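Just passing along the structure, written as structure tokens.
Note that the chains take the letters A, B, C and D in the order they are written out, and that residue 1 is the start of every chain.
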Amino acid sequence: MKELSAQARWETRTQRPLLVLAVLFALAYAVPIVDSAASRLLTVACTATEWVVWGAFAADYVVRLSLTRRRGAFVRTHWMDLCAVVLPLLQPLRLLRLVATLMLVGRRARMASQIRLTTYVAGSVVGLLMFGSLAVLSVERDSPNGNIRTLGDAVWWSFTTMTTVGYGDHAPTTGLGRVLAVGLMLSGIALLGVVTANIAAWFIARFEKDDVEERRQTQAIEALTEEVRALRAEVAALSGAVAVPEPAGEDRVL
Amino acid sequence: MKELSAQARWETRTQRPLLVLAVLFALAYAVPIVDSAASRLLTVACTATEWVVWGAFAADYVVRLSLTRRRGAFVRTHWMDLCAVVLPLLQPLRLLRLVATLMLVGRRARMASQIRLTTYVAGSVVGLLMFGSLAVLSVERDSPNGNIRTLGDAVWWSFTTMTTVGYGDHAPTTGLGRVLAVGLMLSGIALLGVVTANIAAWFIARFEKDDVEERRQTQAIEALTEEVRALRAEVAALSGAVAVPEPAGEDRVL
Amino acid sequence: MKELSAQARWETRTQRPLLVLAVLFALAYAVPIVDSAASRLLTVACTATEWVVWGAFAADYVVRLSLTRRRGAFVRTHWMDLCAVVLPLLQPLRLLRLVATLMLVGRRARMASQIRLTTYVAGSVVGLLMFGSLAVLSVERDSPNGNIRTLGDAVWWSFTTMTTVGYGDHAPTTGLGRVLAVGLMLSGIALLGVVTANIAAWFIARFEKDDVEERRQTQAIEALTEEVRALRAEVAALSGAVAVPEPAGEDRVL
Amino acid sequence: MKELSAQARWETRTQRPLLVLAVLFALAYAVPIVDSAASRLLTVACTATEWVVWGAFAADYVVRLSLTRRRGAFVRTHWMDLCAVVLPLLQPLRLLRLVATLMLVGRRARMASQIRLTTYVAGSVVGLLMFGSLAVLSVERDSPNGNIRTLGDAVWWSFTTMTTVGYGDHAPTTGLGRVLAVGLMLSGIALLGVVTANIAAWFIARFEKDDVEERRQTQAIEALTEEVRALRAEVAALSGAVAVPEPAGEDRVL
């Protein structure tokens, strides 16, 4: 434990507070969009919270960068963290890492990558549904030709987009809204792929489960090896029995 | 058979009547929606039927809860039944359990989970198509901006939603209608996943079927074991033949 | 060959003429829809062709039914043929059987079911695209609220429906048109499932191809068996060598 | 290296210049569509570039055809190149071959077909998104009923089409636009299939990775063979030991 680097110790200690800050940031982002008639005080408080949290994330990144030895390698391997500093809405993805770890408890190792991918895709879909709705609402509400003006419409639009149903009763008209929509569509395709692949893998794994044949085969070989080992011992004994009298016979010649 | 608990005996006896009641409930729910010009008498009769059936379901749950020993465990493991008491439209799902059991007759055990999942998903899709249409129709018919006003439109909209086509010529405008729509969309994704996974598993299972190699291998090992066993017997016989005369030879020395 | 039943001989002889008639029926169905300004003479000729072809199909079914011994079994196992008599537009499906047979030439047996399913799904999709477009056009053209009025619109609508894109710029408004649309949607889901399953099976089959391990294993066992067989012969020779002098030794004792 | 045919040497030398020309063609195609207010000079320059590049492609094809020995076989096996001469927008597909080759570096051979298919599908999707948008824009901009009039709308429409969302806020109205749309839809289905199949193959490959059983089995057989080989040597020694003294014994008799 002594060997934990200064950087590792910092990360262990700051993990929980940063998670709380990430959730706080999400709330501070959501409140003024959901409650469009929010008092000026609340809006200011939320904006202040966002900036403070953002400052904390940036400070955390700088501290970790200063604590590490190889700075070039750190920037390259932690590019995701840099993204999250630039776009703090990605911070709640920290929650996914926690959820994925919890999901893995007590499962077999060979399921690990499957569970992790499914968790990340499902989590990203839920996150995109929540924050995509909010972001599109905040962008489209002020667009002159926009048709997404209430939170209900935004959430409804998110679902029709992500499931690739796309009624067209609501659709983004601004550039940013459309970029978010493309993200939702692609996450929908990823979700469909993960759902299908999980079911297919489950069906096929069942086939393999009843491959008792395999195990019986190994047992057959082990039994055979035992048999041959016994045979060898017997032959060795025979060889002794035959070899011992022989010199005796030779002695007799003398 | 004597060991059947009071609870199990109750469940065996009430299974069929409750299935009939579930279908009755579905009919009583459907009739006033489909026949919007139904006479007041019919509407009242349907509502009465719904309440009576609901009472029967609730009574069944209470009886089973009182017959069981560990009540906490019962509530936890039978949460589905509690849901079905609160939302009696879920009761026809009982039919799915019956269908899944019938589908499994005469199939190999390794197909069981595949058949069961496919049956449940297909059944839920059919159920959602039927009752989702009815529920959306009853909700949207009275909505000022609604565009789903006939049973034909509702069924058509259900199909375009579940297959994720989503023309947008009809779309729900109320909150409840949209919640039902999301259910249909997700069931559509599940259906697509199950269809694809079934085909993929079928293709891949064919590959494995011609894995005669495996079986030939086990046969090879068994033949080998037989060979070695015969060898061992022979060596044992030889050992006897060699060991017996040897002392004779030693006797000769005396 | 002598053993071919009267029914089998009839089917072999009528196969080609019926295939030609099926294509003729399809043409006679398509022409008046595509060329809405067709002369009265052409329309009458097409209708006459349809009825004559239909009569030929019906006669073929009756002849086969009279030639078979077990009529009950014939009706049950050839229900598809009965459907095709009732709904002659299904007759061109005969072509699919031919295509599937041609596709199978020179392929490994384990691919058979995969190729057959893919051919049938792809063929049904193409057939539904062609005849679904024509049928929807003929139904929707005369609908007061219809928006599918040209062949181009009908084909375009078929593609947007089958790929589940569903822009909604064209959509059926009549009951029959919607039933056809649901058929197209479901065939689209089947197509997506078959495409995905084919790719997945192809990826996974590649894995198995480099399972040279398996084959090396069998070779290892065969080499081992050879080894043991040689050993057995050697021991048998030894046993002879030991057994022969032994009596000599015993002789010596005398 | 001396054995390289004249055709192969020509292809090696022209590979890079042709790749540059293909990209140049794409740019010359894109510029006048994107910048609809382009000066007359720029438009003329682009058109000239297109014709020059097209001439280079045609010349390259003719040179290769004249350098090859079996011309019939060349035309048949290089039909893709002929297509690319007729429709030069296909030329940037050359890039895909390069990307696929780069993606394969350092991967296992059994992944080759999977990586290649995924690269080609992903590349075609990106290419169709870019050039499909441009082509649809150039076609629909001048259509009287068209609703795709800006590059932003065209790209947005491409995404909604390829992900099969299909809002219907923008849709092609001309024949060529619809043909391009069908291409986008089909590529979207192919993309979904490839994504899903990749995930499924990845999940299932994990299962097989922990099939250490297999390897353990081969090791068991190899250990057994070693055992039997030792036994054989021992028996051979025994046979020598028994066989040599025997004649000595017989000598003794004399």
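As a working rule, a residue touches a chain if its C-beta (ideal position, glycine included) is under 8 Å from a C-beta of that chain, and two chains touch if they have at least 3 such contacts.
Protein names from UniProt, one per chain: A, B, C, D = Potassium channel family protein.
Treat the numbers as computed from the prediction; the structure is a model and nothing was measured.
Undergrad: Would you indicate which option in B-D, C-D or A-C repeats the interface seen between B-C, with over half of the contact pairs matching by residue number?
TA: Repeated interface of B-C: C-D.
Undergrad: Quick check on chain C against chain D: do more than half of the interface residue numbers occur in both copies, making it same, or fewer, making it different?
TA: Mostly different residues.
Undergrad: Name the chain whose C-alpha centroid is most distant from the C-alpha centroid of chain B.
TA: In terms of C-alpha centroids, the chain at the greatest distance from chain B is D.
Undergrad: Could you grab the centroid distance between chain B and chain D? Build each centroid from C-alpha atoms only and quote it in angstrom.
TA: Inter-chain centre distance comes to 41 Å.
Undergrad: Using mean C-alpha positions as chain centres, tell me how far chain A is from chain D in Å, no decimals.
TA: Their C-alpha centroids are separated by 29 Å.
Undergrad: Among the residues of chain C, which ones contact at least 2 other chains?
TA: In chain C, residues 164-168, 192, 196, 198, 200, 204, 214, 217, 221, 224, 228, 231, 235, 238, 242, 249, 252 touch at least two other chains, as defined above.
Undergrad: Sort out for me which residues of chain A touch chain C in the complex.
TA: 164-168, 196, 200, 242
Undergrad: In the complex formed with chain A, which residues of chain B make contact?
TA: Going through chain B, the ones touching chain A are 109-111, 113-114, 117, 161, 164-168, 171, 175, 178, 181-182, 185-186, 188-190, 192-194, 196-198, 200-201, 204-205, 208, 214-215, 217-218, 221-222, 224-225, 228-229, 231-232, 235-236, 238-239, 242-243, 246, 249-250, 253.
Undergrad: Would you pull the chain A residues touching chain B in the complex into a rising list?
TA: 152, 156, 159-160, 163-169, 191-192, 195-196, 198-200, 202-204, 206-207, 209-210, 213-214, 216-217, 220-221, 223-224, 227-228, 230-231, 234-235, 237-238, 241-242, 245, 248-249, 252
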